[in-house]
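Per-chain residue numbering starts at 1, and chain names A, B and C are given in the order in which the chains are listed.
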Amino acid sequence: MALLKVERLVKDFDGLRANDHISFQVETGELVGIIGPNGAGKTTLFNCISGHYPVTSGRIIFDGKDITGLKAFEVARMGLARTFQVYAASGDLTVLENIMVGCFLRTRSPRSARIRAKEIARLLYLEEVSDSLVSELPVALQKRVSLGTALGTEPKLLLLDEVAAGLNPAEIDEMMTLIQRIHHNFDITVLLIEHVMKLVMNISQRVIVLDSGRKIAEGDPRSIAHDPNVIRAYLGERYARFLPKGESSGP
Amino acid sequence: MDIILSSLMAAMLIGMVLSLVALGLNIIFGVMDIVNFAHGEFLMIGMYTGLLTAQATGMDPLLTLPVAGCVGFLLGLLCYGAFVRFLLRGPMLAQLLGTFGLMVFLRNLALLLFGSEDRAIHHGLLVGKSFELGFGVIVPATKLAAALLSVFAFGSVWLLMNRTRTGKGLLATALNAQGARYMGIPTERMNALAWGIGVGSVTVAGALLVNFWSVNPYVGLLFTMIAFTIVALGGFGSVPGAFFAGLIVGLITEIPGFWDFLTFTLNLDWMSRVPMTSFKYTWVYLAYFVIMVVRPRGLFGWKL
Amino acid sequence: MEALRNALDFSDFPRTDLYVVAVAALFLLVFPLFPHSSFAMATMIQFLMFSIYGMGWNTIGGYGGQVDLGKAQYVGIGAYTTAVMLVRWDIPFWISMPIGMAVAVCWSFVLGYPLFRLRGHYFAIATIATSLVLKDLFEVWDFVGAARGLEISPIHYDPPDFLRLIFKEDIYYYYIILGFFFLGILFVNGFRKSRLGYQLRAIKDNEDVAASLGINVHWAKIKTYAIATAFVSLVGSFHACYIKNIEPEDTMSLHISILIALMAMLGGAGSLWGPIIGAAVLIPLKSYLKEWLGAHAGLIGIDLVMYGTIIMLVSAVEPRGIWGLMERIRGRRRG
């Protein structure tokens, strides 16, 4: 049975349709990527799934239960964690304390939370900075901290929102390894939004493509890369004529 | 019958003046998202300015408006330049703290300078005169003049905001400061201007108000709360909203009057024992609370 | 049990800090044994009272980042419950105080639920509104003496009365409030290391992220608000027995709410020692200013003018208060 089922999801903002009847499924244990040009509605989709936005119509079924309309913290408690694209950390929490907050979902004891958080920090190579303030760290490390915090909640499904944004190539490689490790060792299903093609195409088992609020393609990374609809969405109609004859369809 | 009509009239008149009071708050908030706790203190300053100018020069109180307006405008610019613009860099706590401190400072400075007794205007062209509007409704001339002038001031500011280039600049800064900057609009100057106009409108309102409301250093807080309620009801950021909300809040302040009317018509003994007059402004505070919980966006608001 | 161990554990502060704390604690313990003026004693008691007020406020206002400017209503609830119970039914402090706390906390839940739907400025103003409404109500409610207030006359209680907390000499009051003071510190220390403490700090940082970690933001705020209320109401009850004469204007006015928030903000909201530092600076300043200057009729209000100036300076220069300044100088950050 699919861990996550999104059925004909619609999200409108005062006349702008950000998500237009999107449907897809994610099976337990998969690592699925979502790509699409800017403004395609990817983060909005995440926000709807995680309960941060109310849904206009459609259903979201997670772990067999209908979570449409549930509040964000209720969704998180059911085992669906996420990271955020823009996270302006202004506060006075250290790396370890940050991760502890995630762990506190599953335990009431500060001591267990700390032990668990140290463990996660070690796995993500964050030990050296565990007592530094998150706001003072470079972007790459901040992203890892938010990964660690989400992991603290022991999720079944992890939603990653552009974790590779702002990273240099070496950092991207590191992130790729980390995500794969999390996916394998922790047995966590992963759904990620990405613009960095190197990452998403290399580690995803399956890719979903959004454009202007609609799902326009779905499949394994290789076929997606050659899908004319996808190419058209990214490069525009003008470049469709560069496609080999017989492959462009539609007007 | 005439009780209720008088109450309604009084409500309308004071409502118009209150709208002007709230206007300044709205402008400042709209343009730079700062909530000015010291707003009522500026009103109080306007009241003293009007009073003292009239007393010192023997001018008719209603003619002191331009003076109050200028004083307010300059004061607004000064506050912005010397203090507020440093707050904008900090977290919200700093802004809250800051305008709060300004409130405490101004309130007690006034106490220091003017002493705590009530002062009121005792002579002028319209003092003591009243108009009869029919149906037994009598309206003090000062109140009527104040209300009409308020509407005039309100309208002028609205025109300024919507029809002049500067006004549009202000609106642009309100909507998107960063974007406005790219368009070449000098946002720093816009912010200062917003403070100037904002404080200027409220000092004018003060000079109008003092014609029928006595002033002491403590009136600020009440009017700050009233202004916030009006702005919350009308919608933070909406100028027309402030006008209608002002009228509604005016009605709220007249609840004791309506209560008297009901007591009279229904002739229920227990009603006359309820000390409604002490609760005149309590209803305003309650109203703020209820509005924010039930409909935070207010009637016309576009900013939350 | 773990909570208790946490409360007693101050090891995350640097050694030097702890030495200073130890010295200060010693000073507080022995202060009354040295010759002192009654004015100094009164100031010290005030300092301790406002430290506790500030510490309570700090839980929701500092760690939680929700600036609450309506705490005075809970001072009133605590004070009036104790005063009414004593005057009408001769109920001792140690029973009336917890009852007062219970009433205050219940009321805080009732208010908290709608209040915390608001944020930032709107929240702050709403807290002012609720406090003013309650004060207005008390001013016309005859059961509590309306605007005249209530008076606890100690004529019958000459020997030190530990049950009702009626003493002729201030020294007894001093040690009782000192006891509460130390307890308060321990509590806040435990709080900031507890699950709720961490959650609150995450909320202050970024509410959406906190929610995505399974934190019921609304409920966490309400719970903390109730804790702050408990602190405030406790001191309110004490206040009734100490001042022995309470009326809405001095226990429940906006002025009190402002002072409470101010102590914590000036000293450093969001830190353990902040509110205490704030009280240590502001209370003596306030008392001595009033003594020296306020007596001259022409200078009434100057103490508050200075307050206002201090607040403005702090907010423009270092919103994290004195503690924040110290941390900036030392180049480290600890809460």
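Methods note: a residue touches a chain if its C-beta (ideal position, glycine included) is under 8 Å from a C-beta of that chain, and two chains touch if they have at least 3 such contacts.
Computed from a predicted structure; not experimentally measured.
Student: Taking each chain's centre as the mean of its C-alpha atoms, which one ends up farthest from the centre of chain A?
Tutor: That would be chain B.
Student: Looking only at C-beta pairs that count as contacts, which pair of chains has more of them, A-C or B-C?
Tutor: Counting C-beta pairs in contact, B-C comes out ahead.
Student: Could you grab the centroid distance between chain A and chain B? Build each centroid from C-alpha atoms only and quote it in angstrom.
Tutor: About 49 Å, centre to centre.
Student: Taking each chain's centre as the mean position of its Cα atoms, how many Å separate chain A from chain C?
Tutor: Using C-alpha averages as centres, the distance is 44 Å.
Student: Measuring from the mean C-alpha position of chain B to the mean C-alpha position of chain C, what distance in angstrom results?
Tutor: For chain B versus chain C, the centre distance works out to 33 Å.
Student: Please list all residues of chain A that touch 2 or more other chains.
Tutor: Those would be 90.
Student: List, in ascending order, every residue of chain B touching at least 2 other chains.
Tutor: 91
Student: Considering only the defined contacts, which chain B positions touch chain C in the complex?
Tutor: 35, 83, 86-87, 90-98, 100-109, 111-112, 116, 217, 221, 225, 228, 232, 275, 278-279, 281-282, 285-286, 288-289, 292-293, 296
Student: Mind listing the chain C positions that touch chain B in their complex?
Tutor: So the residues of chain C touching chain B come out as 65, 67, 114, 117-118, 120-122, 124-126, 128-130, 132-133, 136-137, 139-140, 254, 258, 265, 269, 299-305, 307-312, 314-317, 319.
Student: Spell out the part of chain A that touches chain C in their complex, as residue ranges.
Tutor: Of all residues in chain A, those touching chain C are 50-52, 71-73, 76-77, 81-82, 84, 87-93, 97-98, 100-102, 104-105, 108-111, 113, 133, 146, 149-150, 152-153.
Student: Enumerate the contact residues on chain C facing chain A in the complex.
Tutor: By the definition above, chain C touches chain A via 2, 6, 193-195, 198-199, 201-202, 204-206, 208-217, 270, 333, 335.
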